[in-house]
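Working notes, beginning with the structure itself.
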Amino acid sequence: MQVNVQSHVTPSREHSDVNERQRRLAAAFLRVRAQTEQLAAPLSAEDCALQSMPDASPVKWHLAHTTWFFETFVLERAAPGYRPFSAQFRVLFNSYYVAVGARHPRPERGMLSRPSLDEVRAYRVHVNEQVATLLQSDDVDAGWLELIELGINHEQQHQELIVTDLKHLLAKNPLHPAYLPPPSATASEAPPVAWIGLPDGIRQIGHAGDGFRFDNEEPRHRVFIDGCEIASRPVTVSEYANFMEDGGYRRPELWLSEGWDVCNSQGWTAPLYWQADSVEPTAFTLHGLKTLNPAEPVCHLSFFEADAYARWAGARLPTEAEWETLATPRQIYGNFLEDRRFHPAPARMDDDRPAQLFGDVWEWTRSSYEPYPGYRPVAGAVGEYNGKFMVNQYVLRGGSCATPASHIRATYRNFFPAAARWQFSGVRLARDIR
Amino acid sequence: MQVNVQSHVTPSREHSDVNERQRRLAAAFLRVRAQTEQLAAPLSAEDCALQSMPDASPVKWHLAHTTWFFETFVLERAAPGYRPFSAQFRVLFNSYYVAVGARHPRPERGMLSRPSLDEVRAYRVHVNEQVATLLQSDDVDAGWLELIELGINHEQQHQELIVTDLKHLLAKNPLHPAYLPPPSATASEAPPVAWIGLPDGIRQIGHAGDGFRFDNEEPRHRVFIDGCEIASRPVTVSEYANFMEDGGYRRPELWLSEGWDVCNSQGWTAPLYWQADSVEPTAFTLHGLKTLNPAEPVCHLSFFEADAYARWAGARLPTEAEWETLATPRQIYGNFLEDRRFHPAPARMDDDRPAQLFGDVWEWTRSSYEPYPGYRPVAGAVGEYNGKFMVNQYVLRGGSCATPASHIRATYRNFFPAAARWQFSGVRLARDIR
Amino acid sequence: MQVNVQSHVTPSREHSDVNERQRRLAAAFLRVRAQTEQLAAPLSAEDCALQSMPDASPVKWHLAHTTWFFETFVLERAAPGYRPFSAQFRVLFNSYYVAVGARHPRPERGMLSRPSLDEVRAYRVHVNEQVATLLQSDDVDAGWLELIELGINHEQQHQELIVTDLKHLLAKNPLHPAYLPPPSATASEAPPVAWIGLPDGIRQIGHAGDGFRFDNEEPRHRVFIDGCEIASRPVTVSEYANFMEDGGYRRPELWLSEGWDVCNSQGWTAPLYWQADSVEPTAFTLHGLKTLNPAEPVCHLSFFEADAYARWAGARLPTEAEWETLATPRQIYGNFLEDRRFHPAPARMDDDRPAQLFGDVWEWTRSSYEPYPGYRPVAGAVGEYNGKFMVNQYVLRGGSCATPASHIRATYRNFFPAAARWQFSGVRLARDIR
Amino acid sequence: MQVNVQSHVTPSREHSDVNERQRRLAAAFLRVRAQTEQLAAPLSAEDCALQSMPDASPVKWHLAHTTWFFETFVLERAAPGYRPFSAQFRVLFNSYYVAVGARHPRPERGMLSRPSLDEVRAYRVHVNEQVATLLQSDDVDAGWLELIELGINHEQQHQELIVTDLKHLLAKNPLHPAYLPPPSATASEAPPVAWIGLPDGIRQIGHAGDGFRFDNEEPRHRVFIDGCEIASRPVTVSEYANFMEDGGYRRPELWLSEGWDVCNSQGWTAPLYWQADSVEPTAFTLHGLKTLNPAEPVCHLSFFEADAYARWAGARLPTEAEWETLATPRQIYGNFLEDRRFHPAPARMDDDRPAQLFGDVWEWTRSSYEPYPGYRPVAGAVGEYNGKFMVNQYVLRGGSCATPASHIRATYRNFFPAAARWQFSGVRLARDIR
């Protein structure tokens, strides 16, 4: 999960006009910070305090942790005489940076009624002002600017988590509370699937150039791809319902062995948030209970479900190299966080290009999350960002309806364990050329 | 946990002046309901929403559940044309009354950011008004009056739980937040222990007469007591510290076998809330961190710790029959909820009577919680109140600093599992006459 | 669980003829040791090595542990120059005697393919010879004789556990293997239940006199009993099947709250070992699968099931004082280990006295396992025998078809947790006189 | 885990002399079956019955399951009129073939004292005779021959598991029992590490040609490899001890995040089987406790430990493509099951080629276990062999001292979860060319 701010920030390395760069960075900083606060605006202090599972965090914690990031990695070191807003927040709002020191245990993030939401908002104001002041000073070292840019991208990742963690919490409530009123209606049919061929050969994947990227997107390197075909759009609710009707959740031969065990021990019979015993597919959404549009991409699937669906359909998941090869030349547009729809929408019918590569739903790939050849984590505590998670996770690509538009790009690697379902995660099929 | 409202409510059964009884009951109702709200008054909506463990509930849940009790057991049946405040609250705020229908799962009480605290307060106002109206009408059937009286006592039990559950939650917060400012200082010495003899013979225990009592206090019946002696006051912090210094938490021969297993698996080295590595005994309290007064009764002990301490001291826990025999003739006074101290205080030095039988700390007895001979639960759903918990629990007597004064009496039986520590539970010693 | 050897051992304390006492004890020792070995005789080394759950032990472990008891508590201290058979067995075969030193973890008793069954048999021979030699010497101190008598009774308890732990293991095997061929058929009707009245008043319970007893049976003391009635025989399979047909396992109002939780989490729908989906009650027995005789006492019930059945039947469980009062004047006869039936048999029809108080099935009482007034554990390591288990256990009385006949008596207190089902545990009803 | 029988079996597909092929296959079948029985020969029935953890199986189960494989997949279908040895064994000894029907639960394989070891041996004799008879008949369809060849390779995999599961069981025994007497001493110094370069470019990996291979080794396909260097031999005990002395198990920055969690929750401070508190590295082996030779390859490492060691050493794990590229041209020789050493030995000093690529210890790679491009499982139940495990596992290469020599080859892919340690798993380093 992360974002590219290249639309607002000029390239950093060759550009000489530091002041111009600082100015643009300051604008991006304030814009993204305000966007986070806007996400929390419709919520009560109670909504922001609760934690629904160890993997999710309270909204208040996200608001504070993203602020802690700027305070710890930038202000404490770059701003002369900076005094932390609260010494105790250093521990309370550290997520997993071992090098920074002690952390409050993750499963207990929901035990903190204090500091209050109002105090956390004051913390944000304090840090916003300090960072803004820093960015107005002369000669800010490029290293600090890079950390601020990292912090902005980090905050965009947490914007997505605010949305998905909130959804998980509200879904626990039998009252089915809504975060926002329902969005406008969408088309009721999806375009037919076309299969887009990729010929075999050596390709290059990974990030190149000057824009922002996370360390896990580097280095750019060569891979060999066998010829294959990739579907023009993600699998829809209607298609997934066919799988379910055909016994998809009752046929072990369709599943990976571990997936079948998880499916049974968790009692899965449908994607997360679907309501049992409804005639038409109905699910909890951020707008309350909703009859799903059959044409929209199915989401809240685990890797295991995506894989089982693909096997049932006589296909497979794409690798991340295949996905990136397909996506690289495409323009980034789609249904993103800024659309405030917070739910996938059907692909447009009048489009013969690959649809919905970006936005709507993250797409599980068959690739485990591993270091690219020659990968080297950033030095220092921020080096704990990506590399240490490179085991037992699978890569997702393309962003979702909860991803900020400026955060996604073709080389972006998101990753989750194979059983995770609370992100807006769907599936796009691939198949070998025989 | 429960209370006796006999000081404000006239005896129910023989008295003919029903209006007078209704008038008194209405006053008690409003007084107790207001007292509950006063307990929550210093708390934020966030404080009231969180749940720190499956055995504890959010304050907001207590506020709503006590209200649900009146609505479900009284208003829905006794008030003609009563319309529930919210149909969904019937499920959300049912605790364990199987006969009433579905319940929200106990460990998920902390998942409910909605209804908001404000809505729950409105729910209270609504039900308060309706019950008050009912009590102003003529000829309310005595059965309803008894249920209202039960509801008042039920609410007093939850007042105590609000205090203890809140303490458990705040203790999870590394900021050590205070509920209230610290109370006034207390005497620094406790009176020496005297041993009060009880001769052998048949005694009667259990409730008799007209005042309110829970069904588990009945019927009054005969027991045979062997001669014994009971300590004049509970064990103090200072005495308990001696046990700890003598290896109390490291010597299995002092413990029941199951207690020793729990002690090790939970890593107990001191009573709950004590801070490790402090020179003087220091503990989290409802006033934040506090150096404990050596003369005050030790509390937040499990049955297992109370039992191990007694064995170390060459004594034993009293049985509930012994305790009740000692306490029956004594006046009820002590450090109660209304004192707003929310922490035990030392016994008074100038007192040669048994001290602190009521208030300060609940006293573990050696008696498992079992039905009295001839016990019969009340008919209907309120019959689920006590009887179904009569297994694997141990009886505590006397009330604590979180118990409302009008709620306690000599026949009152509180009960918790042997490993529970989050109540204000202490220990008074007994010994056989050899 | 334990036995009284008073039939073969003359009273110890006043009797002056020590040699006669030693001679009788030696005979009892050899008889009981041989009986244990006879129990294992039909079993393979594989049968004896496996452990089916942490609460059960392999037969081989029982064979060794009972031997360890004599070696550790008698030979090492009383036999001059005694050399332990194996230094490592001291740790391997210690059960729970903390004072003796380290123990092999209980759940790993089934990890020991070495020592082999043959080595353990050699260990038994070695210790048998040494104890026999000791008992032939002059002037053995009375303390050692008492420990040998304790060891004999201890071994009888493990005889019962060999039977019940073996049954639990064989029941895990889908082949339904038999320990022994089926016993002869039994009568197909049980006598009707009569209710035997006990008037109220002070009674004495607990052990008195010179015969062997465990410390938990002492001291004899007075209790007050309210008037009640007790059923003349235990509940039968046929009666229990009526409870099941009436929804006994689906109606929470019949159960203690904790019992209902256990019932659901464990998926109980019948007593342990009953086979699902058979038309007539069918269960795994030590003779393989067997259609149960409707007239035989139902067994393998937990306390929770016994209690729920009693509530359904409009009755309750007896207290241990009531049970002992009823049983004290009765002769001890019944279906015991020596009958080698290893399964309960119906009560005899021609009998108008209380039937089956001893043997067939242990009878759950409503009494939690607690120290009698003035109870004092034996000094030293053997003092860990009983007292430290006196919490969260319930008392059973009367012995079963797996109890040695000479081991049971009216004052005998067995105890297990409320959810335990793998003993031959049944239920006899009681009811208040209204 | 698996083996190649190409040395004894002539290529299957083009060869026309079926009788010659059948003759060779029959010889291989009997040789491998006898080898399995020889492994169990030093063990008692007790040794063969126990199960030390859910992931390991009793030796008796391995003896039976490998036999079940031939019975179920070959005899029942290919041998006219074949009558199963026991209908119940079909369920008891099915491992994970869902398509074949019900299975005995894996964690309960150690609950089966029946059938006895002798009965299982009779089962083996029965099936051996029937398969031998089948292979003497004319015109056995090539499909059956392929299944027999698969069964032989399957049995070789279980030979390795017999060794590693037995070691895990014996290690649970505080007596440190030996499987076999200690092997001869080995050289006390390892050759220095040389780094062998692999230039970048497209390579082909995966199986080609006619010999036996598992489906997961196919299809042969192209990969792009970046230039790198691979160590000439595995990491030794001495080198690993340096990592430990340098705080390897206490420094989170060296570990993957999940690895660090496992390390702490499991309390790892050394490789599996190492004894705490010994001055020199000492470990439990199949010859009892042994001071380890500093020059021998370290083994019983998890992927997490191998990865942490590599990070500490400034290197990384090789990918499976790199490993296979290095190993493909090398001759297969080393310390294998047939050496009956069952413990790794130091590399030979006089060797300047890459050492120990085969035998001694499996080598963890950085590659998650995934399907090769175009992978297609075999049809039918044997298709459950490999593909369904391709998630959350990591690939190991090269075989170990418990692998049959004829079973390993350069394309062979073994796989285990990242936390598994009970195989003979070690580590060979790789590094990028900078």
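Each chain gets a letter, A, B, C and D, in the order it is written, and its residues are counted from 1.
In this text, a residue touches a chain if its C-beta (ideal position, glycine included) is under 8 Å from a C-beta of that chain, and two chains touch if they have at least 3 such contacts.
None of the values given here were measured: they were computed from a predicted structure.
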Minimal step count in the chain contact network, chain A to chain C
2
Chain located farthest away, centre of chain D as origin (C-alpha):
B
What whole-number Å value describes the gap between the mean CA coordinates of chain A and chain D?
39
Length of the line joining the C-alpha centres of chain B and chain D, rounded to whole Å
61
With chain centres defined as C-alpha means, what is the inter-centre distance between chain A and chain B in Å?
47
Two-or-more-chain contact residues of chain D, please, as numbers and ranges.
none
Under the touch definition given earlier, write down the residues of chain C that touch chain D in their complex.
44-50, 52, 88, 91-92, 104, 108, 110-117, 169-170, 172-175, 177
Which stretch or stretches of chain D touch chain A in the complex?
96, 98-99, 200, 202, 221-224, 226, 228, 252-253, 255-259, 303-304, 307, 316, 366-368, 370-371, 373-374, 384, 388-392, 418, 432
